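Below you will find the structure I want to go over with you.
Think of it as A, B, C and D in the order they're written, each chain with its own count starting at 1.
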């Protein structure tokens, strides 16, 4: 921590701050300049809030030096994390992995058809919600356990891995037999109790960025899962909330290269939620891969016009097939591949 | 729902949209203008997403007409809701009610001292966290059940009501005997399972606005609680996330008069989280009351410099006392009172 | 400037950064910690961008220490600036000064009536636009010079001071004889050429915060005017752009106490543009004064329903009168007064 | 315009609104539903603000139907605009055109070297600022006219077209002989007087999106230029301001497909300002082209470490060369080409 004192700070104030830093456990180096005094705290004391120092008498600014996350930082695993699944699928390596399927499981016929379609086009995962977080209590809330079973059946039959959203702690046990990967939705990115429990599970997790979360906060949330011992973690950019309302969210494509630099964790993109409008999804999927994404989550529905939820952002199967073809070209343009 | 067709839409496209509206359950009135055709859907069909219509061929814009929340709307109870507590305290009436105390319960001595101080200054509620959502897994996580017991003891002894944050469903049962009001934090504003459970409880709830939540989303979340039958609900503005980083959040004071107009629910302000800097808290508390807030949540700590959490935004007891004096004057300037 | 090196930085990288700091003119103090090395640059070299250092090999973070504005900082004039006008009016002292009137000057009758109405209610300034920045080229663009003459006539007759917006350099000369204060609109807050010219004028300026401007940027823009020698400067908060669209902008009331602390310049509030909805304007005007604003800009129109622009956010004269009565009470609750 | 009345609106209120709509020039169709009444105004009355209707008694919501821009809309020229320059260069066609060069012209040697480097790598335009808008009055402000002459000389010698920023009306005349395209910076996107003058010029203009501008506002600003008769207009996405501060701005890649749909104007991307960090620029440049951009503006400097401005976001010449190679692959993956 660095504390820059005000130009007008007197010696008593400087000593006050210095003593408080020592009290907390810092080794303090003082730099007395012609204009102002700077106190550099070296060391890593545990539980304190650097903002407390901003209010001490004579203080101009306080700067945190060490990053607040450790296990999620690139330095922890400079070579990058590769999350391995069955069927020889891995995320974070050379292949760009596509996870596709409908927003919600609506019934056997729908999900089986969706699975066949996305598999044929080259997806490795089938996505589909069994428990749905909906902003209105009057909307469709998901098929629950029955939906999970359908996903598993269809996944096994088609050779697709299954990813589905977990909304609360009590669902973890329930979901374990049915999914290959837990998805934590944007609204739960800071549900710390849930994250902590997922840190104890031995199954991969995909953590979506919250719509108002900074990249640093995403990495702090990742830290909750990693610090429980679960290192099979992937992150996912799916749009942030900005003043622009034409698109549902503003997909922050730059988060992809930024997270690649700051962290060793794979980073995927979700263009369906990122823009929320079907006809913009292909362009954003291509942009995410061009920017270096390790994979994509894409909503595809056999019949979007009849979807129980998110129909407006789900691709038609033929659109998805066409998109996959162009993603193959883009992947190879950036030195990656889609099987 | 109103569907405005493109100027270039042909008759076949217009018929396609019209038929889909009828299929869903709308009564459709067609207006054929010189420039464009407008289809007005009358009625309230249940489960559909008006965004689906934006993608139909020939459509220019779609406008939702009826508001997506019903029980939370002002029209449901035009006279406004008054939430009644024991000790003759009520929120939503003429009195501006202040809830104050430390961010976290840290021990008996600390919370007892805090209670005595805020009571003396005029607070009606003691606030204090027993379960703490912290963005870093390495920060203090709260005293849990022991903290709740301390709150209850100290509340009973001092004649203060108790409000504390509930973070997940399993805590509801646990907390019931100890609190007079459940607080739902900003991060849980869209934890719909938790909201649904709180709708079944017969104890008041204070629901905080999420940092990225629109006012409409706050009211939709309120709808989850109200639709369960729990009408003892209060809302709270505590800052939204914007590009301005000097303050922790940007406290949206205008949400107070807006929610007053749109809803019958009482609306409070939380200036401590709203700005996150102790020396700006009094100005924002005064602004909230001047704008019509029904109450305030304020962090006060007997010794902020030693607080386990949020010390930098907690008031010193003497600051709080001084603030209460000026809030009395402001309350009376807007035709309200603080006892 | 503080440069924190990566934990993995080697000695060569550290020397590289150190040499570059010395080259630029810093006196460098090096702190070698167990974990990382910190380089503190003391001194105030002129023209360099601290962000350049972020990209040097081995660098973790760079922190600017000295604030980039000097003349606008509170330290330059700790007692605060009071801008004095004729008629004994001054802004920044004990009095809360209200500037009111229509968005645009529309004709003699309209502006004379507005003047009489706002004067009667206690305003000290008549505001009104002669040159109008409109987002659509098809909207009313203002009366120009003729409007300025009307303002001056009506101001002299009623004893009100005149404030009007200047949109470009060529208008400065033109406006000089007619206005008592130049207003720089939000869209021009970073029109640096215009600001530079206004720094050379010897007439007060009111500078509005841009809708996407941080507080630091407002103060940097103020620096342009101050550095030209014009110290008669006032700032004005009028709403920032956020994700919330219910209100036209989100009025950042917290900017008022923040600017009071960081700068010596008076700070006013403009609730009309801040919320953009007439029925929310009184609440926000009260909030601004309660938070410590030195004055207010408020749109009032003799007949808002017929206004050429901004009718929806203009108060009816009787609303304004009522508002002024409550502002008097709030002012006195915070130790100020409205004459 | 559609006006939805409140469920509680009485007949008198409905008549009041209806009469006001007729007065303004609308043809009104009334739909009386079981729940509420809807008034559809057909026609295109000129100068009125639809927000005025929100405040009339009994009104629930008001929806604008016709888009506020006409000449900028896709419907005006469905086939898309191609802006033609000398040397056979055109923007908006099949080729992705790259404009590259330093932030500022700093001297003959620097700009000549930059020109040679970007030309060799495949750029068609040399960019470079002669007049610089800087947020601090203490920063380098550009070489002015001398810089323009250098640009022209170097452009002619190397066969590059010249684009440079115009900051105010008085510079238009001055710049005309030296540039092939005027660039309007983000801060001037709503400098309507400047836009109007550029509408009268017969030379292409590139208009950058402001950091707080919605896409609709960009198109309204475009309308100012188009309505003056200058149809040689290109738009440019260069980052919007959001809560995320890791990057200088958040480059809104989705604006590219959105503008492609809404407007006929070519849309370029500026990844240098979009992210503001050199090592993220290539990823964002690739993303922009993958999303369908018609061209790119990229800052390249012969020696970024010594640049007078924006060094931290300027590419090294060898980085630019490498980037151009990968952009060629991406362009062909999306059916475009870079010569």
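In the analysis below, a residue touches a chain if its C-beta (ideal position, glycine included) is under 8 Å from a C-beta of that chain, and two chains touch if they have at least 3 such contacts.
Protein identities per chain, from UniProt: A, B, C, D = 3-deoxy-D-arabinoheptulosonate-7-phosphate synthase.
All values reported here derive from a predicted model rather than from experimental measurement.
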item	value
Pair joined by more contacting C-beta pairs (B-D or A-D)	A-D
Longest centre-to-centre distance from chain B, chain (CA-based)	D
Inter-centroid spacing, chain D versus chain B (mean Cα positions, whole Å)	38
For chain C paired with chain D, centre-to-centre distance based on mean C-alpha positions, whole Å	26
Between chain A and chain D, centroid-to-centroid distance (C-alpha), Å	31
Residues of chain C engaged with two or more neighbouring chains	212, 241-243, 245, 279
Residues of chain C touching chain B in the complex	212, 214-216, 240, 242-247, 250-258, 261, 274-275, 279-280, 283-284, 286-292, 326, 329-330, 332-334
Chain A contact footprint on chain B (complex, rising order)	46-47, 49, 51-52, 54-55, 68-69, 133-140, 167-170, 187-188, 190-194, 196, 210-212, 217, 220-221, 223-224, 227, 241, 276-279, 304-305, 308-312
Contact set on chain B toward chain D in their complex	2, 4, 6-8, 27, 29, 31, 33-36, 38, 40, 42-44, 60-61, 63, 65-67, 75, 241-243, 245
